[in-house]
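Paired with subunit B in one complex and with subunit C in the other, subunit A is shared by the two complexes that follow.
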Partner chain A sequence: MGIMGILLAGILALIPCLPATAQDSGTITLNMTGAMEFSINLTPANWSFGTVTPNTVNTTDLTQFNLTVDSTSTCAINTYVTGEDAVWADDPGAYNWTLSSNAQNDIKVYVLWFKPDGGESYIPITKGQTSFYSGTLGPGDSKQFGLKLLTPQPDFTKGGTGYFSVGSAIVQTHVTISAVVA
Partner chain B sequence: MPTIKKFCKEVLRKLTMQQMKIRVITILLAIILAGIPYLPVVAEGNSNGETTITMNTESVMGISLDQVEWRVEGEEDVSLNTTYKTDLPASWCTITNVGNTNVTMFIKGDDAKWVSDPSKKWTLGSTGDNGKNVYALWYHIKGDTADSYTLVTKDLASMKWMRDGEPLNLAKHDDTQQFGLKLLTPTQFIGGRTMEANITLSAVAA
Partner chain C sequence: MVRQSKYLFWLAAVLLITVVLFPAIVQAQSFSVSPVEIEIDNLSPGEVTQFNLTIHNKEDVNHVFTLTTYNPGESERREGRAEFPDESWISFSPQSVEVGANSEAKAKVTVAVPPNQKWTGKDWEIWLRVAPEEREFLVVNYYIRLLVSTGEEVEAGTSVGLIVSILVGILLVACVIYYFRRKAKHLIF
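Let's look at the complex of A and B:
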């Protein structure tokens, strides 16, 4: 304890005598990296095409769906759209429609497209990622779009009319838009 | 004695240092945990937006039966108070959903009438017991409890599985179910008459 006290006193006594470098100011560099955060919102969360018949095209208004990038987001994003097979809501394992990968329908194969409001043509939605918007979207940006559905060819025909294997049934699918930092 | 005192002091000193170490580590851990929310985050928040698309389908109802007649003993005559089963006890008749509506099956029987004079008949019993000019009829669904038969009466009744009491359903196009029939002839009847009865199977939207 005695030795430590003497040493400390010595150090304190010497501090004013340390060589000064003739500076009266200093610079501190502060480094910070802003977090890249974003959030997107797709509305409406649910949409019904109503009653559909085999091998028919059904479209929504081109402003039916709206993708919004939250205004508090801190970065630009790239967006992608994917679809999935449609299933019988009552018994998904018993009946489904496969989402076409080549924009052609067939028995139990349906086609889905999207078209941005102001876009030139419908773009097929597949189970793989398709670019939703060619550019980047920034905080507060929004894009409206519509969907086009081509139902499968009939599973059977009765009295000259084509039908699906399940009647008075709800067939359900999901469209997902995903985003990544640009 | 001084040695013991010295030893105790040393132990206490080490324990105190150990506690300090723990405290320092705890404080460091708290700082690290508190700092986690401020670490640079990439793609935090909702990176996906999803919409559920639904479509309703049109319905059409229809069933077909692959049997239209049961000649109980072929070209032979039936005997009094005797039980007969279809040659395939569980799969004699196939019901097929030729529409696409989820249907429940109903069944009803009828009195058996002499083809030459329909006023002469065997009454279809309502209890499963036979009697003079009274016969009984049952069905068995393929896959149901072994040798379980359900009585057919003149009242339209839902066809049900004996195993769980659930109705017999054909949910979608081309769904099939099979069944067989069992007949118990009257205890008394006038021989030489050809008796004919109709069994009606109906489909009702489930």
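Let's look at the complex of A and C:
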């Protein structure tokens, strides 16, 4: 009778813990769509606008750049474009141009646009994510595009001519094209 | 000071009044990532889950890739998915992955939602970004969609319940041993 009482007391003590332990059997489901894969190719990866002067527009051909979804890809993708500040290659901390967020240039503020071949107008590239192509792109799809650059207003003017304070220098920037499964 | 300004002016004037944008270097990196979408269901707040990402470097040279998170805007997320509340709940091991030429490497992703009732029954989306460390003018980044749905229960009680169960079990066994020993003593005497 005594041992039965002890066992009963033990079982009663365990009852409050049962819901918590039952939770252990809850299953986390992890679905990984491993069968899907994609990759994109951008050509050419590099480009130079050459020598530019303050407050001037410089454009590439609209077929200058090419984005291709690899034909081995197995899904459609959405694409986005972002830009960033341009920096002096020799000393990035000493001189830079901020990428405009409103398509207006200023002193040390430059503007960059892209335009798909056949597109109606140039679309500003900003530090925020902008849709590169409004629809989805599938395996083998290809989009050509061009860039337009509006350089900053001069750092100073002398005799009616505008100058950049760094004189002749190389200024670098990057344009990122991102892809995600549609 | 005046002399220095004059020098800068003449330097600028003599060395041209121009700036060159985008130097020409090499060509774009070619890589892919797998899986491209991950859906985690019934992850109770307080629980931790892990999975692997595979990065395939398709080039003839080694590359280093960095893993980060990105919270997409509403229009970019799947329908019915809300913004992931805290990017620090996701961690990568390692955060930077070196992938050999024409080979693959894996990184472990850990998702841990804190044990709080307010995180139950949620449907979130966040993107995992894979970006090459070496960058040319045009850079390719890939995102992996991570869809996380939390369970209705907070998992914090589980370990507490388990500890209490073990303690009660030990107490129970101790009582039984004590009872039999005492009974045995009575039999001897």
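Here is the rule we use: the second predicted complex is superposed on the first by the 148 of 182 C-alpha atoms of A that agree within 3 Å, B and C clash if a C-alpha of one lies under 4 Å from a C-alpha of the other, contacts with A are read in each partner's own complex, and residues count from 1 in each chain.
Please note the rule applied: contacts are C-beta pairs under 8 Å (C-beta built on N, C-alpha and C of every residue); 3 or more make two chains touch, one makes a residue touch a chain.
Predicted, not measured: the structure shown is a model, and the values here were computed from it.
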Looking at the overlay, does A:129 come into contact with subunit B only (first), subunit C only (second), both, or neither?
-> second
So, does A:78 touch the first partner subunit B, the second partner subunit C, both, or neither?
-> second
Touching A:172 in the superposition: subunit B (first), subunit C (second), both, neither?
-> both
Answer with first, second, both or neither: which of subunit B and subunit C does A:94 touch in the superposed model?
-> first
Mind telling me which of the two, subunit B or subunit C, contacts the most residues of subunit A?
-> C
Between subunit B (first) and subunit C (second), which does A:164 come into contact with in this model arrangement: first, second, both, or neither?
-> both
Subunit B versus subunit C as contact partner of A:31, first or second or both or neither | second
Indicate the residue numbers of subunit A shared between its subunit B interface and its subunit C interface, in ascending order.
-> 33-34, 36-53, 58, 65, 70, 86, 89, 149, 151, 158, 161, 163-181
In the complex, go through subunit A and note every residue touching subunit B.
-> 33-53, 58, 65, 67, 70, 73, 86, 89, 91, 94-95, 112, 147, 149, 151, 155-156, 158-159, 161, 163-181
Touching subunit A in the complex: which residues of subunit C?
-> 8-9, 11-32, 34-44, 47, 49, 51, 58, 72-73, 76, 127, 129, 131, 135-145, 151, 153, 155, 157-158, 160-162, 164-165, 168-169, 171-172, 175-176, 179
Residues of subunit A touching subunit C in the complex = 2-3, 6-7, 10, 13-14, 16-21, 23-24, 26-34, 36-54, 58, 65, 70, 75, 78, 86, 89, 129, 149, 151, 158, 161-181
For subunit B, which residues are in contact with subunit A within the complex?
-> 38-62, 98-102, 171-174, 205
